[in-house]
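Listed next: structures, encoded as structure tokens.
In the two complexes that follow, chain A is the common piece, with chain B as its partner first and chain C second.
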Partner chain A sequence: MEVADCRTIARGDLNAWVTRLLGRAEVIAPVRGQGGDEVFASIAAPEEVLWSFRNPLLPPKHLLLPQTDTLAEFRRVDGHYQVQEPPPPRPKILLNARSCDAVGLAFLAEMHAQDLTDAAVLRRAEALTVVSLACHQPCPLGFCVCCDAGPFLEHDFDLQLTDLGDRFHAEPGTPKGQALLDLAPDLFQVADAAAAEQRFALEQQALASFGKETCHFGAAMRRISTRRVAEDLWEKMSPWCLECGGCNHACPTCYCFSVADRTENGCTTRCRMWDSCQYAEFTLEASGHNPRPKRADRMKRRFYHKVSAQYFQRDGRVGCVGCGRCVQVCMGTTDMPAVVGAIRRGNWVSGRPA
Partner chain B sequence: MLSPAIDVATGPGWLENPYQPHLARIVRIYRMVPDNWVFTLRFLDEEIGRNFRQQPGTFVMLSIPGAGEAPISISSSPTRPGTLELCVRRVGRVTDALYRLQSNDLVGVRGPYGNGFPVEVMHGNDLLLVAGGLGMAPLRSLLWYALDRREHFGQVTLMYGAKNPASMLFREELVSLVDRTDINCLLTVDSDPGGTWKNHVGLLPKLFDRARIDPRTTYAAVCGPPIVYKFVLERLLPLGFSKDRILMSLERRMKCGVGKCGHCSIGYKYTCLHGPIFTYWDAINLPEMV
Partner chain C sequence: MEAPERAALRSVLTICPFCSCGCGLQLHGESSIQGVSPSLSHPVAGGRLCARGWAAHEATIWGPRVRTPLVRRKGVLEPAGWPEALAAAANSLRLLRDCGRHMGVLGSGRAMNEENFLAAALARSGLATGNVDAGLRSTWDALVEGLGRRDCTPDLTRTLDRLEASDTIVVIEGDLATTHPRIALSILHAVASGARLVTIGWAPTHLSQLAALHLPLQPWAPLAGIVSLQGALAAAWGGAAGRHAPRPSAAPPAEAAVTAASLARWRGESRLSAFIIGAFDRDPTLLRSAAAAVHALAGDLVHMGRPEPLILPLPIRANTRGSFELGVVPDLLPGQRPLADEEARARLRRLWGGEPCWTRGKQAEEFIGAVDGLVVLGDDIPAFHSSPADARRALEKTECLVVIDSFLTPTARHAHVVLPMAAFGEASGTFTNAAGRVQRVRAWGPPPAGVRPGWEILRGLLGALGSSYAPASLEQILEHIRAAVPAYGALDPAAIDQVGGSLLPASGDRGSTHPVAALGDTARAGTRNASHPVLRREGAFDWGDDPLVTGSPTLRRSPASRRRLNPRGLVAMSPQDATALGVRQGWLVRLKSSHGEAETAVQLQPGLEPGVLFVPYAFRDELAGVLGGSGVAEVEVART
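== the complex of A and B ==
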């Protein structure tokens, strides 16, 4: 980001800007759901967008990895199969993603570009513009500061907004983000020194207000990567896991999937669906052999994948963005900070004070 | 550590949808052993068949629309291109659907996936192939590769053990190799209820008493159920085999074949990408491998 590229926009002009975004692409933003909670959804009018909100329970990872995603379609015609590819993705703009979710999306895009590329995900990432909204305050369960995923970002966003009160500070990170500013040159002013200073002060204040609720990966990573986590520690923790898969489904960086065929009206659709490495059947082979028969094995797998140095080397970051969603959804308290803390201390204190 | 066989720049259309199967026709079904049949496939699009870069030890994702996809190792050798031979055991949903198909029916195939045996590295060395049960399916590809490119290898030894003669895979073909002088083909069965078996009777590791193997110049390729690895390693290691000269085929449940779905992971390696062929060195150094 060059300081000269930064812009500010008056709070009153935001709706006019969002209207122009809507004219260009589908806009997904946090909105008030029917149950009163916050969710990421497609908007029809700029008034629906929430500018101050609690981070939705489900991350916007479905924009890259839909919960059910068509891989191919087979239609039977005269004893022959027609194989059809799913249509190319349409351009989308994700507005007001929190920093952690922007990093999660960048993680997924990078991961699917490795080795044998997954063109479907990469095309979606190419068509998606991420507008992140920096956080002034740590959220109650968040520990993004430990994962280089917030509260303010230096990378992994297309356009970063900061709420300065009566106006918003906007810094483009990529040409895609710059294009959104260029849509409304009349609404954006070049950011003055006061705006830059205020943004910097807010970042310092946000960093300073992280409390004890942090997750120290270093020690846990060393132990997991060198196999120095006591086997009985996993055994002690595993009864607290209910194998619900909630941590995986709510995680912005979990990407494992399963594939199944569905046939309707002579057309077979091959879909991939979110899967969870905590399910016993995840590794169950047709012969009946299961390489990870015990729950402890599967928990070990999950944290090895997220925290080990081997995966850190591959991905360049830990498989966690510190959003705190696993803390929120886990009924058994085997969430990321709790397990990382247990590995660091070497003992498991069951349960978390309510 | 074997290098993953990833050729992103020149692979056939990797920037296209990697999950899109190519249609292939079943041209022959050889009902070899009950519930272990060999299906010979030919791609409808000849161009795809020509560009199909299999190596011994690689596998394909075989799909039956409506039933799903399953990873199946290739039993035919790349030295005999044109068709693919898959030796399939009837064990699950997809293979069950496959067994209900007939010659001339269509299936979907994508691949080849996996690293395969490092044949270029093995050139100029002796070969020892050790297979137990269904482990012959992937090793047959390497066997015919070695026999078709015989000048590239020194002494070639095959040890194959089955429960009884009736359950021996590729029996006629392998028995016909016993008299050949360019391969030491040792076949054994655990028991011979019919009393007509002219080869060895006894457990697979006993065949090591019948072969002279120089561990310094030999690559050993082992494939079979877990118990085979255990007992074969007990024979190979005392011979003085170095750990990177023992190649093992290890498979896991798979969904994607391209290192994304997470099902086949062993530690930080993916069986579909970095395997299915691992050296024994890899096996003892990867967490949760053995």
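== the complex of A and C ==
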């Protein structure tokens, strides 16, 4: 992105800009939810937006892939079936997505554009403008730097904001992002050299701040992709997983799903819903056969999909954005960094890589 | 399908409706409920949910919802309006009541505190009966009684942190990783930090893979295993324990020696211990005795100068504890007061009006088949009943069955009147979790048109039956609960709405030492006849039949497919026994006992002791003929 395209906006003008955004589309941002949890929600007023916050535990992937996603309705009328599609998605602006989540959304859009394209997801992606907020410091559990998904981004955003203190730096990444700047030409100034330098300095500082919470994907990818992971490693790990599915549900790049129909009053609604490859029933076939009956098999499959080089080569991305949510939500001790650690070190003892 | 003008993505903080861990979660959606996520701020959940929690929203969306009241006309349930349905229910119930016929009310651990309190009022004030109970109440009551403490609230507010800090953890369970995953997680963390885990249960479970010691309960003399442990621990830890511990006699000597040796090694090292007791069986005597053994052990440890151990008995469902404490129990008044307690009676007269019935009623499984008029709140009887076939027969011949539920359950299909109740996410109230947290359950949105919150339905029935108890609002019911139940009165109502709710106070009452001597007698009885294998029904409850699971496309897959693939049920058998019989996984065998016989499929379970067969609770009906109404039977096994 050309430096000349970057802008800055005074901190005090942010609310005015958000008001302009609200006039254009539904704005979804991190807000303070009940109980003190940060959640993504539609805002009615700019004051609801959080600018300094813990990343909400549920990633914004439900904006592309709702947890319950109505695909179509069928009605039988005069001996014929009528199919009704959902109405087209409303334009939405996602404000203050963290870098990892912006990458997650881009990943999902790409996955659903491969092979048989998924029109429902792609329509939502088209209608969604992603404004990311670069991270000055790593989250306590995050390791985005290991996944090329943060703390600052070079791509995968429509508009990237950086908090410079008294003002915000804004980098448009796409015409959609540019359009949001064009809504308020009076509030945005061309970014000066000082702003650009400060943004660069903040990025370097953030990169240097990552401590122990890194996840050595490279090493793990080499081992997995060259069959140097002992089969019994997965057996050793499996008692430490309680099969909650949280790692899949909370993962910005997981998109496994199941489909169910509901019929009431002559109308059948077909929905897609989130599923987890960790559940025993995920691959259970009608015959009763299950290709992955053991938890160890399912865990192995998940991490091969996430970490194996073949997918990296196919997709140009690793199936992880290093957001750290799987560490938080794990109802066990088998989160991504722990498993990657076990793959690297080769063993697992008492619930930990060894 | 229309896109509502102002559909906005929003979340509310509520509590998971499944087990008694009481995890907080955010329920979200745009124009309707779409999904859930864990609450990071919640002291129990801490940002996590189990598989059931992640699907908590599903039954509300996918379950067989009742959307209008239903009244049986000419043998068929048909839609009706609310006035007609309420009148039909009330008229039939009133008639039976006034003729002196037997009445009963079933509350539920799925229903909220406010609903259960009104159910207790409906029984004692509206229907003049003491037959009020909840299906799984006896599994909680027995644990509480055995521990000698009626309030059963740990003194520590941070129970899970304390559990994770323990260095020795004893779990008496029916697979805690499945029944209460959040508790199991704390045990995983403790073991990863070096804690020693002892699991005690019918068969090896998930947690026993990680245990330093697994003690199987002997199906023919389960108390012996518990007594043996208590004796061994007492012997290993010495001190004044000998005064309380009966000498182990019924357990195999070799096992006791191993136990004692291991425990002696830990004796000097253990400081902080924890005892977790799940509802591992239906038999209240067994549960009470297990709890009593733990209580005695804990007393021994304190007596020896060790810090007070954590004792956590676990109710099965989200609000099993709340329903019990608010009076859905046949032999106690709300607040666990004796029926003859004049102060409690005076409070209830003031609140409910008139002279409520103070009679001691029958337990749920006794009165279900023995009453003429039955009101069922938020539960499906065959799903929990120890004999589903008996339950179905009982429901068929009940003269007036009124069901208040969100789903058209098998129970509701037998009803004369079905009154549709708001489901999870559609109504507010409170739940009381295992540790005594009273937490706010919130509605994401109103129930569908035609469906009402449970408390409004119960209030309507109370009014139609002539009771003067007519709370004006949900908040007022909570005030009444706080007035009727002293422990709830001590809660901070504002704190209930905060994340984590408000914790019930501990009474500080250590309770009396349970007569352990009686344990020894029971343990010695029932020596094993070595020539015959023993079949035991395993567990106290199976989530697979619960409407919250059968209504969830994600959760019902496993139990539904297991049932479909095993139409005759199954028994868990050790590989050695299977080899001796010449059968393999999935083959049919014939079981014959003095009660009857049945054919069923074999499931190999490594780690199971030879001579022992278990039938999972889910398949108790298929093997009812062999078990003959009790949980255990000696059987002959033959290949078919």
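Keep in mind that, in the parts below, the second predicted complex is superposed on the first by the 347 of 354 C-alpha atoms of A that agree within 3 Å, B and C clash if a C-alpha of one lies under 4 Å from a C-alpha of the other, contacts with A are read in each partner's own complex, and residues count from 1 in each chain.
As a convention for this text, contacts are C-beta pairs under 8 Å (C-beta built on N, C-alpha and C of every residue); 3 or more make two chains touch, one makes a residue touch a chain.
Predicted, not measured: the structure shown is a model, and the values here were computed from it.
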{"item": "Which superposed partner A:71 touches (first chain B, second chain C, both, neither)", "value": "first"}
{"item": "A:294 touches, of chain B and chain C: first, second, both or neither?", "value": "neither"}
{"item": "Chain B versus chain C as contact partner of A:24, first or second or both or neither", "value": "neither"}
{"item": "Which superposed partner A:284 touches (first chain B, second chain C, both, neither)", "value": "both"}
{"item": "Touched partner set for A:272, first chain B, second chain C, both or neither", "value": "first"}
{"item": "Which of chain B and chain C A:155 touches, first, second, both or neither", "value": "neither"}
{"item": "Touching partner for A:258 - first (chain B), second (chain C), both, neither", "value": "both"}
{"item": "Contacts of A:39 with chain B and chain C, given as first, second, both or neither", "value": "second"}
{"item": "Touched partner set for A:249, first chain B, second chain C, both or neither", "value": "second"}
{"item": "Shared contact residues on chain A - chain B and chain C", "value": "86, 258, 260, 275, 284"}
{"item": "Chain B residues within the chain A interface of the complex", "value": "4, 6, 8, 11, 14-21, 23, 63, 65-70, 91-93, 95, 106, 108, 226, 251-253, 255-256, 258-263, 265-268, 273, 287-288"}
{"item": "Touch list for chain A against partner chain B, complex", "value": "71-72, 74, 76, 79-81, 83, 85-86, 112, 114-120, 227, 255-261, 263, 268, 270, 272, 275, 277, 282-287, 289, 291-292, 297, 300-301, 304-305, 308, 310-311, 314"}
{"item": "Chain C-touching residues of chain A, taken from the complex the two chains share", "value": "26, 28, 33-42, 44, 54, 56-58, 62, 66-68, 70, 73, 84, 86-87, 90, 239-240, 242-246, 249-250, 258, 260, 262, 273-276, 279-281, 284, 288, 328-333, 350-352"}
{"item": "Chain A-touching residues of chain C, taken from the complex the two chains share", "value": "1-3, 8-13, 24, 26, 28, 30, 33-42, 47-51, 53-54, 57-58, 61-62, 177, 181-182, 184-185, 188-189, 191-192, 194, 206, 209-210, 442, 498-499, 553-554, 557-558, 561, 564-565"}
